[in-house]
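The structure appears below as structure tokens.
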Amino acid sequence: MSGFAGDAKAISVVVVIGAVCAAGLAFVKGQTEGAIKAARLQETAAAVERVVPAGCKVRLDEERAGATECPDYRKKAPATAGGKPGCFDVYPAYFEDGRLCAVAVRNSNTEGYGGRIEVLAGFAGLENEETLVLTRIYVLSHSETPGLGSLIATAQDKPPEEWGIDRKKVFGLNFRNRVLKDFSFTVKKGTEATEGEVMAITAATISSRAVTKAVGESSRWVKENLGAIREKLAAAPGPSADGGAQ
Amino acid sequence: MSETRLLLQSSPHVRDVSSVQGIMHTVILSLVPALIAGVVFFGWRALAVTVVAVASCLAVEAAILRLAGKPVKTALVDGSAIITGLLLAMNLPSNLPFWMVGVGAVVAIGVAKHAYGGLGNNPFNPALVARVFMLIAFPGAMTSWPVTTCNGATDVLTAATPLGIMKMEGAAAAMQAASWWDLFIGNVGGCLGETSALALLLGGLFLLWRRVISYEIPVAFIGTVAAGTAVAWLVDPTKYPDPLWQVLSGGVMLGAWFMATDMVTSPVTRKGMLLFGVGCGVVTCVIRLLGGYPEGVSFSILVMNGLTPLIDRYVKPARFGAEAAQAEGGKA
Amino acid sequence: MNSAHAGFPRGGVHPAEGKELSLGPEVVPVEAPAKVLVQVTQHLGKPSKVAVQKGDAVRVGQVLATADGPISAPVHSPVSGKVVKVADVPVVGALQGACIEIANDSKNEGAEEFARRPVIDWSASGTFLGRIRDAGIVGMGGAAFPTAVKLSPPGDARVDCLVLNGCECEPYLTADDTLMRSRPQDVLAGAVIMASILKVGRILVGIEENKPQAISALTAEALGRGYSFSFVGEAPTPEIVVVPLRTRYPQGAEKQLIDALLKRRVGSGKLPFSAGVVVQNVATAVAAYEAVALGKPLFERVVTVSGGAVNRPGNYRVKVGTTLSALVEAAGGTKENLKAMIAGGPMMGKSLRALDAPVTKAFSGLLLLDDREARSFVETDCIRCGRCVEACPMGLSPCEITALAEFSQWESAVGCGALDCVECGSCQYVCPARRHLVARIRLTKLFWRRMKK
Amino acid sequence: MSGIAEVTKGLWKENPTFRLLLGMCPTLATTTACDSAVGMGASAMFVLVASNVAVSALRNVIPDRMRLPCFIVLIATFVTIVDLCLNAFFHDIHKALGIFIPLIVVNCIILGRAEAFASKRGVWDSFLDGVGMGLGFTVGLLCLATIREVLGNGTWFGLPVTPEGYQILVFALPPGAFITLGFLIGAMNHVEERRKANG
């Protein structure tokens, strides 16, 4: 077998195999698409639930889990990295009665030792600037040196009650239930840090600074856009079909 | 005259007095001042770490030799395991937990030395391999440096090394934290054997005097570090301290006199040694000035260890009569 | 270690000299024993042909074996007596070698011929080369290359200088030193003879500075020219310069000596001819003088017997063919603590198992070392200290060649210059790990030659 | 070769991790923890078995000169299926394995077995070969992961093993992967040599 006939056969076999594979894939994709979306939403919801006060219910729909378009109030002043370009990602949580309870803000900073660090920060007491409280942070992703910079995420998967009180051991304690007006977001070395400051991780000051910067930026934004946040997110979405954490 | 007790061997029939054992013992002796300085500045814990390091290196050496079915005693008395243990200890903070020191000894002797075939066959300096391994394995413990006893501190207090301060806060803070004199006598934070330039210099000069090492590697190494940091200092004196400060701080003295001059892992020719020393200096400068780590001596020596076979391949002694033969060949 | 005097450019070692042991006032003559064993081939080149038969009566100086071809040398009888047999016996440097055994009648018939007053007929200088060839003279420093061949440079060589090698850089050996002190005139006469054969106007005598008496004796002689021999015709008057050299082993190696004296480098694999030089040992010069002035063939020489285990160390004039045991007997026998027996110097000599072998023309010394001097060492792994590289006068890396040889990488080892090695032993002398460097390099050469065949 | 031998050869004699040294990239990258190692091994095994069977079944249909593109298309399909399913149903493992799931496509074991074995042998043999090789790969990864997780993280499948503070972090990092792999290969060679020497 040679020439055109051979080529034609070879091509047709490849085409047929390709087509069959494509069809198979399309079928599997159809079967898994919903589950994948749900899993992603679930993942975000789980993280958000960690940083907002207990008792707040996270209700996420697709829009709130990362809007396709960036509303005015979510614009960042300097268009640094994080979420959609120039946007803060905000995830609301509500009381049982549907009032806005807290928001989680996702932000990132690229000045980490190993590059980009992504942090979710929870804010409650949204009534006015005086009552605004930073409830907790959660490091979503980082590539810091294991054992050094990676300590920014120490124990964050455990409930806060198990963290103890030693800020040197659990970095997250620095950002636990802080009244924003009394908190300065300055990083100091171990023995010098006061209550209102962040205590740097030993030998990982750069990582500590990067996290603090990201959280500080989120806090400033929340402070400045408090009205808009309350207004836009006031109404809880209806019980969502896909992925509200219950 | 019985024939059986006559010695039959190929020439030469006389030998110089120097022996591997003698060389090793000289090196051990030369490390004593640095050890004393370590004990003076970091207390008895420094001595304890050293003893644990040496003892565990000897134990690992003996265990591996026995496993491999090699003669244990002759290899133990040659002193190379003691040197590895001493150098390893010199490269550790004095407050390190003992079990970590033991892990370091296993890595130094077991992985870096015997996995390659034992004394003379290891491409990398065993003590440095262990140090870098520990730096990655125990990053926290290996980078929290006890404050020197002269500064009236207890065991638990730790502080950044002068180089760490330089990296984080610039030249002024670093030079305020440690004066030239502090660095020279060793009254700064750091590994227990690396801080005192004075003690290390004494040991190094002793080695030079006993002709165990030659001047090429230390001089080229220290000279290159001085030159490289001088350039940085001239460009931005607010960020980088002066070259003398740079040479006296960190591990340059320990590295240049004791680690880089390790015979097994450095080139055999004088020219090769010069090149090796310059290479160490360049890599150290690059890491110190541009890299993420505050100090790069260990890495620089390991990098150059890796390049040693290449240096030995291309930097060879001038063969006697090679140029004459070439000239003849050219004519023909 | 710094010396004002010239030396070779790199490498080398300075072992304990040990020369004071044997450096006595004079050369002690040794009577030939009742049985002498004259080795048939005592030179480098084509083996000689035996010219006598069992039962033949021989006289002193009679030819026992003739040269076979141009690169060969004849052998002469050192005694008068009867040929007992021609047989293979143990010899120095080999397990077995053909030897002519002669029963010495102690009459020394024919010896009187060589005891007359020496005369050099300069008008017949054209015959000198032939006389040297017929006298069976070979390099007496140890190489044993036929001297006549060395004195006949190839047509394209432009030889302008004769170098006389009086370095004697090997520890313990003092035979050449003694010769230079006691017979400076004869040494220089031999040199002038060889210079006239080569038609060169310049003679350089290289002597290590640790032999001040030899240097002053030869210098005085070179300036004075008060020859003890009578001569006929017009004597040539070459320029003779005695050059003190740095005491550093291997100063006496040909290439190193030429470099030190003339700053000329003999290329790798080349002969001194290529640098316009001929090098001759001082003992060879004396033999050449005796051959020309007396017609005396080479059948005796000065041998150093030294070492801590010999009772009367010193320099002995012995007949070629005297067994080493007879020589030792003449030197008062050995002490209890004898540990090693070495033919030659301690740096390049060969270990002897027994003393059955005879003295040959190139046999410069017999060392009987005691247990303090000769020690055995356990070889350990190379620690790459680089001392062998420092010590190698040829600019090689002995540790590298050896490492390759250990893995039978002969080709790479030769690529590292194994063939340039002169086996001086400097590398092994300094090696703190006591590595058998020289032996492995020898092995490399051996395997390389075998592979080439 | 009997069916059992087809399976067991992948475990020891032709162990892809320690003897054939195939698929080193995921071997080094996914063995920081035992569960991701098992996830990786299982995913690779599924793809291996499926592609072996598919290639073997189609070996007479696929023209020789077009075989590599065809193999790759088949393998890529199975890998994408695994990727989607893991993402949908085992989201955590999918997150941990990250880019290494799609990279199974270029894993040498898969294409190697397709080319060297499945394209020449019957469906049943190919199936067994896939199972054996996949098991060997999984076991290899698990050995590596066990050492690395216990020493580096102090846990095994997430269960604490060593007390807090006694971890040797380097084993959780890439250098630790190389060192561990080196020593395991060395140990395997040692055992093999001793076995040979004994008969």
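Going in written order, the chains are labelled A, B, C and D, and every chain counts its residues from 1.
In the analysis below, a contact is a pair of C-beta atoms (placed from the backbone, for glycine too) under 8 Å apart; a residue touches a chain by one contact, two chains touch by 3 or more.
Keep in mind that what you see is a predicted model, and the values were worked out from it rather than measured.
Trainee: Please give the intersection of the contact partners of chain A with those of chain B.
Mentor: Touching chain A and chain B alike, sorted by label: D.
Trainee: Based only on mean CA positions, could you tell me how far chain B sits from chain D in angstrom?
Mentor: About 41 Å separates the centre of chain B from that of chain D.
Trainee: Please work out the Cα centroid separation of chain C and chain D, and write it as a whole number of Å.
Mentor: Chain centres of chain C and chain D, defined by C-alpha means, are spaced 71 Å apart.
Trainee: Quick one: chain A and chain C, Cα centre-to-centre, how many Å?
Mentor: Averaging C-alpha atoms per chain gives centres 90 Å apart.
Trainee: I'd like to verify one number: the distance from the centre of chain A to the centre of chain D, where each centre is the average of its C-alpha atoms, in whole angstrom.
Mentor: 33
Trainee: For chain B, what residues touch not just one other chain but two or more?
Mentor: Where chain B meets two or more other chains at a single residue, that happens at 138-139.
Trainee: Check each residue of chain D and list the ones that touch at least two other chains.
Mentor: Correct list: 169, 173.
Trainee: Where in chain C do residues touch two or more of the other chains?
Mentor: In chain C, no residue touches at least two other chains, as defined above.
Trainee: Which two-chain combinations qualify as touching?
Mentor: A-B, A-D, B-C, B-D
Trainee: Can you list the residues on chain A that touch chain B in the complex?
Mentor: Those in contact with chain B are residues 113, 145-148, 151, 202-203, 205.
Trainee: Can you tell me which positions in chain B touch chain D when the two form their complex?
Mentor: 99, 103, 111, 115, 133, 136-139
Trainee: Can you check the complex and tell me which residues of chain D touch chain A?
Mentor: Within the complex, chain D contacts chain A at residues 58, 61-63, 65-66, 69-70, 73-74, 76-77, 80-81, 84-85, 87-89, 91, 95, 169, 172-173.
Trainee: Contact residues on chain C for chain B in the complex?
Mentor: By the definition above, chain C touches chain B via 10, 13, 15-16, 171, 255-256, 259, 264-270, 274-275, 334, 338-342, 344, 346-351, 353-354, 367, 369, 373-378, 380-387, 389-390, 392-397, 399-400, 417, 420, 423, 425, 428-434, 436, 438-439, 442.
Trainee: Applying the document's contact rule, which stretches of chain A touch chain D when the two form their complex?
Mentor: Per the stated touch rule, the residues are 6, 9-10, 13-14, 17-18, 21, 24-25, 28-29, 32, 35-36, 39-40, 42-43, 146-147.
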